[in-house]
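Next come two complexes built around subunit A: one with subunit B, the other with subunit C.
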Partner chain A sequence: MLLATTDLMNVVDWSRAQFAMTAIYHWLFVPLTLGLGFICAIMETLYYRSGDPFWKRTVKFWMRIFGINFAIGVATGIILEFEFGTNWSNYSHFVGDIFGAPLAIEGIMAFFMESTFIAIMFFGWNKVSKGFHLASTWLTAIGANLSALWILVANAWMQYPVGMTFNPETARNEMTSFWEVLFSPVAMNKFFHTVTSGYVLAAIVVIGISAWFLLKKREERMAQKSMVVASVFGGVSLLLLLWTGDGSAKIIAKVQPMKLASMEALYDGKTGAGLSVIGVLKSEPQRTQENDIFHFNLEVPKMLSWLSFGDGNAYVPGINDLLNGNPDQGILSTEEKMRRGRIAIETLAEYRDARQSGDSTRMASTLLKFNPETPEGQAFLNDYFKYFGYGYFSSPTEVVPPVPLIFYSFRVMVGLGVYFLLLFILVLYLAKKQKLGTYPWLNRVMLWSIPLAYLCSVSGWIVAEFGRQPWTIQDLLPTVAAVSRVDSTSVMVTFFIFVALFTTLLIAELKIMTKQIQIGPHDEQ
Partner chain B sequence: MKENNPVYRVYRFYRDGFRQMTVGRTLWVVILLKLFILFAILKVFFFPDFLGRFSDDTQKGAYVRDQLIERNTP
Partner chain C sequence: MDTYMILQHYWWLIISLLGALLVFLLFVQGGQGLLYTIGRTEAQRNMIVNSLGRKWEFTFTTLVTFGGAFFASFPLFYSTSFGGAFYVWMLILLVFVIQAVAYEFRRKPHNFLGEKTYNAFLIVNGVAGTFLLGAAVATLFTGAPFTVDRMNLTHYDGWSTISQWSTPWRGLDALTDYRNWALGFSLLFLSRVLGLEYFLNNIDDAEITARSRRHLWYNAIPFVICFLVFVISLLCSPGYAVDQNTGIISIENYKYLHNFIALPLVAILFLLGVVSVLWSIWIGARHGSRRAIWFGGAGTVAAVLALLLTAGYNDTAYYPSLTDLQSSLTIYNSSSSEFTLRVMSFVSILIPFVVAYIWYAWRAMNRKRITPSEMEQEDHLY
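Presenting the complex of A and B:
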C-alpha cells in the first residue's frame, strides 16, 4: 500500500514536470505569434495608407519572422493534449465536454481562419488587391488571438469552475451554461492579460532585433521605424496589461485566496495589508523557528488590501487563515473542507454501491443530492461537493503551493514589466530627438532584453499555474486524483526523451530564425 | 476556360505560392519532421490513450468513478 502510494506520488510529480516542460516549450512560440501578427498588420496598414514601398519591404521582413515562429511553434500544443489522455486521464474524463467544447472550437477556428488567411498573407502579395491582403493580415492576427481565447477559456475554467454540474452516473462535469463558462470573470481577465503579455513580448523582440541591425549599422531606417511602431504598440499593450493585472489581483483575491497569499508570502492575514515590492524570504525552517518571514522586505502600506479589494483597510487572508480557518472573517479551516470533501466522495461511493446492488430507491435519493435544481441538491453541492477535492488530502498543508517560487516569479514578472514600460518610453523619447541607435550600449541592452521578455512571460505562467497547485481544477480535483495509474518509470523516461527532443528542435529552430534575421529584408524583385 | 475556374485558381494560387517559397521549404521540412515525430513516434509509442481500453463511456465513467472514490484518503 505504501509502495503504491509512493509510486502514485512519483507519477504525479513526473507527470507535472512533463506537463510543465511541454507547456513552457509551447509557450516559447505562442506569445510572439499573438503580438507579431498585430505588429505586421499595423505596418501593412501604414503601407496601405502611404503607398510607400519602404513599409512593404519592412512588413515583409517581419512577416518572415512571424512565419518562421509560426511554423516552428506549430503543433507543439498537441503534445499537451496527448498528455491529457495518457497522464491525466481521470482529469480528462472528469472535465467532460467543458474542456472539449472550447478546444474543438479552437481547432476548427485555427484550421479555417488561420490556415486560409495566413496563405493569402504569404502567397498573396501582388496577386490579390492591397485591401484584401491587408484584411487577410489582420484576420490572421485576429484568428491567432481567437485561438488563444478558447484555450484560455478552458484554462480559466480550471481555475474557477462555473457553468457546470457533476453527473455521478458518468463521473463527468456537464456544461449547463456555455456563456457562463465563456464570460466568467476569470476567463475574460485571463484572456486579455495573457494576450497583452504576448503583445509586449513581441514588441520587445522587434525592438531587440532592430537594435541588432543598428549595432551592425544595417537597415537603419527599417530598424528605427520598427522600434517606434513596436514601442507604441508595446506601450499601449503594457498599460492594458497593468489594468488587467489589477483585475487579476481582485479576482484571485476572491476565487483563489491561497494563490494571492502565496504571491505575497502573506502567512498571517491582515487588515490594511501592505504590498511587498521587493523582499528576500527566509528558508522554511528559519521562518517557523523565528516566526519571521523576511530577511529583508520593502513594503507599500495598505497597497495589497487596496489592490485586492479596492479598499486600503480590507482584510486579506493569509496562508495560516486559510489553513486554520478564521471564523471572524467567515473562512473555513482546511480540516473542515477536508471533512466535507470526504463526505462528498462518500456520497459518490454510496451512489456507486446502490447502482451495483441495483437499489433504485437509494440511487434516486443519492442522485437528488447532485441535482442543482432541488433544494437538497443545492445544499449538498454548496456545502459539500464544492469541497470535493479536499477529500483527497491527508494533511491541510498539502493545499499550500510552493511559496518562494511564486513569490519570486511574481516579482520578476512585475519588475520586468516596469522595465519594459520604461524601455518603450525611452525608445519613443529617443525617436523624437532623432537619437535612436546613437548609443551602442543601449542597443545592446535592447538586444539582451529579448531573453528577459521570455523570462517575464514564463514567470507569469509560473505564477498562474504553480500558484494554483495542488489543483488541476480548483477545489474539485487535485493532481493526486487527476493523474492516471501509469508506471512512474515510464513517465520519468519519457520526460528525459522529451527534454532531449525539444532541446534539439529548439536549437535547430533558433538557427533558422537567427540565420533569417542575419539575411535581413529582401529587396522587391 | 480552366483559367476562370475558381477551384483551379485557388489551386494555382497555392501551387505558385509553394513553388516560390525560399525559407518556407526549410520550414516545411521542419514542420513535416515535427509532425512525423509527434504523430508517428510520440503518439504511437509514448501516448496511448489510458482510457482507450474501455469500449464505451459507461465503462470509462465506472472506472474513473472507482478511481475518484478509491483515492480518497481516510
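Presenting the complex of A and C:
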C-alpha cells in the first residue's frame, strides 16, 4: 500500500509534467496562428480592395509563415485532447458531462471550418474567385479563434466550476445550464484575454521579421507596410488585453484567492494592500517560517486592493489567512475545509453502502443531501460538498501553489506587455514621420522582441495554470484524485519520447522558418 | 423507449457515423503507405503527396472530432479506454503527431531531418496508424481487461481511480486476440484500397494510374480475407447483452448475429456497403474508373456505420469487460446526462451545414485533377 501510494505521487508529478510540457509546446505555436490568421486576412482585404499585386505578394509571404507554424500547432494539439483520457482518467469521468460538450462543439464547429478553408487559402489562389478566397482566409482565422473559444470555456470551467450539480448516482458533475458554462465571467474574460495575447504576439513577430528585412535593406516597402498593419492590430489588441487583464484580476480575487495571493506573494492578508511592481523573494523557509518575504520590493500602496476589488481599502486575503483561516474575515482554515471535504466524500460512501445493502430509506435520505432543490441539500452542498476536493489532501500545505514561479511569471508578463504597448506606439509614430527603418539599433530591438513575446505569452500561461495548482477543478478535484492509474515509469517513458519528438520538430520548424524568411516573398509567376 | 434512451441511441449513431467517415477518410493514410510503391520517381511522389496533402486535415480533424464527441457523449468510455489502454493510444497519438508536420516540412529547405525522414513519417502513419486504429476499434467487439467502479472516488487515502486496467500491458493485451489483428489488417488494406482509388480519381498520370490499378488487386485480396475472418468470427462469437430495465449484463451466444437479425435495416446497410466496396474494387482495378472512390467511400461509410451500430444497439455492451462482466460499458451506463445529450443534439443540427460547406469547398478545389504541370506552377507545395 505504501509503495502504491508513493507511486501515486510519482504518477501525479509525471502526469503533470507531461501535460505541462505538451501544453507549453502547443502554446508556443497557437498564439501566432490566432493572430497571424487575422493579420493575413486584413492584408488580403487590402489586396481585394486595392487590387494592388504588392499586397498579394505580401500576404502570400505571411501565409507561408502561417502554414509552417500551423502544422506544428496541429501536431502538438491532438495529444492534449487525448491526454485528458490517458493521463487524467478520473478527471475525464468527473467532468466529462460538462467538459466534453465544448470539446465536441470545438471539433464540429471550429476545426472543420479551419481545416476546410485553410486548403483554399493555400491552394485556391488560381482555383476560386478573389472574393471566395478572401472569405476563406477570414474563415480560417475565425475558425482558429473559435477553437480557442471552446477549449478556453472548458479551461475556465476548471478554474470556476458553474452551471452543474453533483449526481451521487453517477459520481460526477452534470451540466444544468449550458449558458452558465459558456457565459461564465471567467470564460468570457479568459477567452478575450488569451486570444488578444495571441494577437499581440503575432504583431510582435510580424514587426520583428519586418525589422530584419529593414536591417538587410530588402523588401523595405513590404516590411514597412507590414509593420503598420501589425502595430495597429497589436496596439488595439493590447488595449483589450489590458482591459481583460484587469477583469481577470477582479475575478481571480473572487474565485481563486490563493492564486491571487501567490501572484503577489502576499502571505499575510491586508486592508489597503499594495501591489508589488518588482520584488525579489527570500527563500521558502524564510518566507513561510520567519514571515520574511522580500529581499527587495517596490510597492504601489493600496493598488492591489483597488485592482482586486475596485476599492483601495478592501481586504485582500494572504496565503496564511487561507491556510490557517481568518475568522474576522470569514475565511475557513484549510484544515477545516479538509474536514468538511472528507464528510462530503464519506456521505458519498454512505450512499454507496446504502445502495449495496439495498437500504432504500438510507439511500433516499443521503440523496436529499445532494439535491440543490431541498433546504437540506442546499445546506450540505454549500457547507460540505463545496470543499469536496479538500478531502483528498493529507496536509494543508498541499493547497499552496509554487509561489516564486507564479510571482515572477506574473511580473514578466505584465512588464513585457507594457513594453510592447510602447513599441507599437513608437512604430506608428515613426511610420507617420516616415522614419521607419532609419535607426538600425531600433530594428535590432524589434527583432529581439520576438523571443520576448513568446516569453510573455508562456509566462501568462504559467500564472494561469500553475496558479490553479493543486486543482484540476478548483476546490472539487485535486490532481491526486484526477490521475489515471498508470505506473509512473510508463508516463515517464512517454514524457521523454514526446519531449524528444517535440524538441526535434521545434528545431526543424525554427530552421525552416528562418530559411523561409531569408528567401522572402516569391515573385508572382 | 424514453427520451434519455432515444438520445443515447442518437449519440451512438453520431459516434458511429463519425467513426465511419473517419475510416473512409483514412484513404489519406492508405495512400501515404503506398508512397514509394506507386510513386517511383520524385515527381510522382510529389504529385501523390500534394494530392493527399489537400485532404489530410479532414482525416485529422475527423479523428479529433470523433474523440471529442466520444468524450462528450460517452465520457466513461473515454476515461476507461484511454486511461487504461495507455500504450495503444499513446502509440496512435505518436504516429499522428508525426504526420501533421510531415506534409508542410518535407520539401522545405533546411528542414533538419531531410525529405526521406518526413516521407518515412508519412509511411509509418499510413501503415501503423490504420492498423492500430483498427485493432483498437475491434476491442469494441472483443472486449478489454478492465474494471469500473465509480465509488472508488470515495477512497481519499490512496488510489481513487474509477476505471482500472487489469493487466500491466495497458492495451497491448489486445494483440493476443486474432480478431483484433484481423480488423487491424482489414483497416490497413481497406485504407490502401481507398487510397489507390483516390489516386485514380485525383492524379492525372498514366503510370500512376496503371500502377494503382494493379495494386488494387494486391491490396483488395488481403483486405477481403482479413475482413471475412473478422466478420465470420464476429457472427459466431458470443456477445454481452444488457437488460434495459435492470442494467444487468449477461453473455449471449451469437449476439452480433442476433443483432443483425433484430436490426434488418442495419443488416441491409452492411450488405450494401460491402457490395459497394467490392464493386469499387472491380471497376477501379478492371477499368481504372475515376468513380471507384465514390463507391468505395460510400460503401465504407455504410458498412462501418452498420458494424458500429451493431456494437452498441439492440441492448449490447459496446465495450465488454473481460475482467468483470458487470463493468462492461453500454450506451446506457456510460453516457452523459440527458441534459448534456440534449444540448449537444442541438449542436449536432449544425453537422449537415458543416458537411455542405466541406462538400462545396472540396468541389471547388477538385474540379481539376493534379497534373505534373500544376506541380511546376503552384507556389505552395508540399
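We adopt the following convention: the second predicted complex is superposed on the first by the 518 of 525 C-alpha atoms of A that agree within 3 Å, B and C clash if a C-alpha of one lies under 4 Å from a C-alpha of the other, contacts with A are read in each partner's own complex, and residues count from 1 in each chain.
One rule holds in what follows: a residue touches a chain if its C-beta (ideal position, glycine included) is under 8 Å from a C-beta of that chain, and two chains touch if they have at least 3 such contacts.
These numbers were taken from a predicted model, which means no experiment stands behind them.
Trainee: Mind checking the superposed model to see whether subunit B and subunit C fit together on subunit A or clash?
Mentor: Superposition check on subunit A flags a clash between subunit B and subunit C.
Trainee: Tell me which of subunit B and subunit C touches more residues of subunit A.
Mentor: The partner making contact with more of subunit A's residues is C.
Trainee: Identify the partner contact of A:I78: answer first if only subunit B is touched, second if only subunit C is, both if each is, neither if none is.
Mentor: A:I78 contacts both subunit B and subunit C.
Trainee: Once chain A of both complexes is superposed, is A:K270 in touch with subunit B (first), subunit C (second), both, or neither?
Mentor: Neither partner.
Trainee: Under the stated touch criterion, which partner chain does A:S89 make contact with: subunit B (first), subunit C (second), both, or neither?
Mentor: A:S89 contacts both subunit B and subunit C.
Trainee: Check whether A:K130 is in contact with subunit B, with subunit C, with both or with neither, and answer first, second, both or neither.
Mentor: A:K130: touches no partner chain.
Trainee: Touch check for A:R411: first (subunit B), second (subunit C), both, or neither?
Mentor: It touches nothing on subunit B or subunit C.
Trainee: Figure out whether A:G100 sits in contact with subunit B (first) or subunit C (second), or with both, or with neither.
Mentor: After superposition on chain A, A:G100 lies in contact with subunit C alone.
Trainee: Identify which of the listed stretches of subunit C (3-11, 21-29, 39-47 or 93-101) has C-alpha atoms clashing with subunit B after the superposition.
Mentor: 93-101
Trainee: Can you pull the subunit A residues that subunit B and subunit C both touch?
Mentor: Common interface on subunit A, subunit B vs subunit C: 8, 64, 67-68, 71-72, 74-76, 78-79, 82, 85-87, 89-90, 92-94, 119, 122-124, 127, 170-172, 342, 345-346, 348-349, 352, 391-392, 394, 481, 484-486, 494, 497, 501, 505, 508-509, 512, 516.
Trainee: In the complex formed with subunit C, which residues of subunit A make contact?
Mentor: Of all residues in subunit A, those touching subunit C are 1, 4-5, 8, 60, 63-64, 67-68, 70-72, 74-79, 81-82, 84-94, 96-101, 103-109, 111-120, 122-124, 126-128, 132, 136, 167, 170-172, 174-176, 178, 342, 345-346, 348-349, 352, 391-392, 394, 481, 483-487, 490, 494, 497-498, 501, 504-505, 507-509, 511-512, 514-516, 519, 522, 525.
Trainee: Which bits of subunit C are touching subunit A when the two form their complex?
Mentor: 54-55, 57-58, 60-61, 63-69, 71-73, 75-76, 78-84, 86-87, 89-90, 93-94, 96-101, 103-105, 108-113, 150-151, 153-154, 156-165, 168, 170, 336-337, 339-340, 343-344, 347-348, 350-351, 354, 357-358, 361-362, 364-365, 367-368, 377-380
Trainee: Write out the stretch or stretches of subunit B touching subunit A in their complex.
Mentor: Residue positions touching the partner: 13-14, 16-18, 20, 23-24, 26-28, 30-31, 34-35, 37-38, 42-43, 46-52, 57-58, 60-62, 64-69, 71-74.
Trainee: Would you pull the subunit A residues touching subunit B in the complex into a rising list?
Mentor: Answer in residue numbers: 8, 64, 67-68, 71-72, 74-76, 78-79, 82-83, 85-87, 89-90, 92-94, 119, 122-124, 127, 168-172, 342, 345-346, 348-349, 352, 391-394, 480-481, 484-486, 494, 497, 501, 505, 508-509, 512, 516.
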